[in-house]
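Each chain carries a letter (A, B, C and D) given by its place in the written order, and its residues are counted from 1.
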Amino acid sequence: MPSIVIPGQYESLAQVAAFIRTACQEADLDDFAAYQVETAVDEACTNIIDYAYGGEGHGSIRCSYHISPDDLTITLEDNGMPFNPKGVKQPDIHAPLGEREARGLGLFIIQQWMDDVRFEFLGGQNILTMVKHLTKAG
Amino acid sequence: MPSIVIPGQYESLAQVAAFIRTACQEADLDDFAAYQVETAVDEACTNIIDYAYGGEGHGSIRCSYHISPDDLTITLEDNGMPFNPKGVKQPDIHAPLGEREARGLGLFIIQQWMDDVRFEFLGGQNILTMVKHLTKAG
Amino acid sequence: MKLSPNTYKHCDLIKIEGRVDSSTAPQLAEALNTITDNGRYRIVLDFSKVEFISSAGLRVLINTQKNCKRYNRGEVVLAELPKNIYAALDLAGFTMLFKIFDNVIEAVASF
Amino acid sequence: MKLSPNTYKHCDLIKIEGRVDSSTAPQLAEALNTITDNGRYRIVLDFSKVEFISSAGLRVLINTQKNCKRYNRGEVVLAELPKNIYAALDLAGFTMLFKIFDNVIEAVASF
């Protein structure tokens, strides 16, 4: 299972993105599907840095992927505070500008653009599993 | 000596231009020198149509070229009224806009951009000979 | 990310190149604040060379749009959105909140 | 020659493609007259795709410039001149008579 470990800093996001693009190429995802996965991983890593670790420079993130005939599965692991997404409310993307929240889009994008998203806390680690189906063209 | 004959109409100018570009390529002129020759020939043909023939549709123009080791020579022949460029006055290209003439640039461009320009009237024909030196690069 | 700002008579233009993520979005915010701090609120963002935008970038856009539209003093408009970037903005509902132009010339000329 | 005109808030833009010679210059003159007949005298000419211009084209430019600058009501500006075209304009002394911009955006934004 190919993986990289990055320090919990924003400047590492470009490196994760490059790693994920390789994964998407191996999985033969089309350009837009690959963009969706890249975005979801970027959002998830940003949240780990911001919330699990409470800011930059407090821990690392392991990112790995697995390709099966049907799926590309991305796993992110961190040692920060446990996270349960249940309580998080959805953004109102139809709100007019004045009532529009600037925050709260990250989780929404992850959920919309990945086919399956699972948050677990196991052995003192947050394990985020995100699955993209490999729908064959045609 | 490669040559073409075109009817004295403006819509033939693009065809002469293509013929001249071939000549310039054969003579190995650089892009700008070729542009200068193309322009001079266009101006000269326009003048033949306008003045030697007094308008479109009154005669034809023969255009031919010769390449020597030192020169590309273009010859234009027409059967229109004899032309003597002596009396034509130079345009004032430094005049401010208000005093600037809209006409009178064609002959000037021909004289500036070709290295040698000769108007002759021989055997009832105007023969315009324009020479571009082939300065070797370097 | 690279930013190339230009100030024109009726608007400001920033050409954005590369990735707009949590690492680079603060620079974009700063460039936009420099413009609005000068009392200028009509802004064109040229997205033609943007490769990626995350919610950190979207946040900057929405905050700037709120600031610019206040008192009807201006607005942020977007030009030449690559397909993937458009999809992200559309998912987030931003295509309702920003005028979008096919080319930068039309966007600049709209002010 | 192909002409693509656009009317904007503060100016008109014509993108010219191909050859401007005695055969095609009248079309350019017509397109420019259509604009000035509408009482609009701020005009940007996009030369990026112009392959050739003869004195017939230069004549159209100078006549339009005279018309537009009358009563200080506007002017013709030129954008994205290819090298050869610039040389022709320069030879004719036109670089003193027209503002020249590196890109169309700057030219449009100058009005």
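Brief remarks on what is shown
What we mean here is this: a contact is a pair of C-beta atoms (placed from the backbone, for glycine too) under 8 Å apart; a residue touches a chain by one contact, two chains touch by 3 or more.
The structure displayed is predicted, hence computed values, not measured ones.
The chain with its CA mean position farthest from that of subunit B is A. Averaged C-alpha coordinates put the centre of subunit B at 25 Å from the centre of subunit D. Note on chain placement: the centre of subunit A and the centre of subunit D lie 52 Å apart, centres being C-alpha means. Centroids of subunit A and subunit B (each the mean of its C-alpha atoms) stand 68 Å apart. If each chain is reduced to the centroid of its CA atoms, subunit C and subunit D end up 31 Å from each other. Applying the touch criterion to all chain pairs gives A-C, B-D, C-D.
Those residues of subunit B whose C-beta lies close enough to touch subunit D in the complex are 9-11, 13-14, 17, 31-32, 35, 38-39, 42-43, 46, 49, 91, 93-95, 97-98, 100, 102-103, 105-106, 108-109, 112-113. For subunit C in complex with subunit D, the touching residues are 6, 8-11, 13, 104-106, 108-111.
Every residue of subunit D that touches subunit B in the complex is listed here, in rising order: 19, 21-23, 52, 54-56, 58-59, 62-63, 65-66, 69, 83-84, 87-88, 91-93, 96-97.
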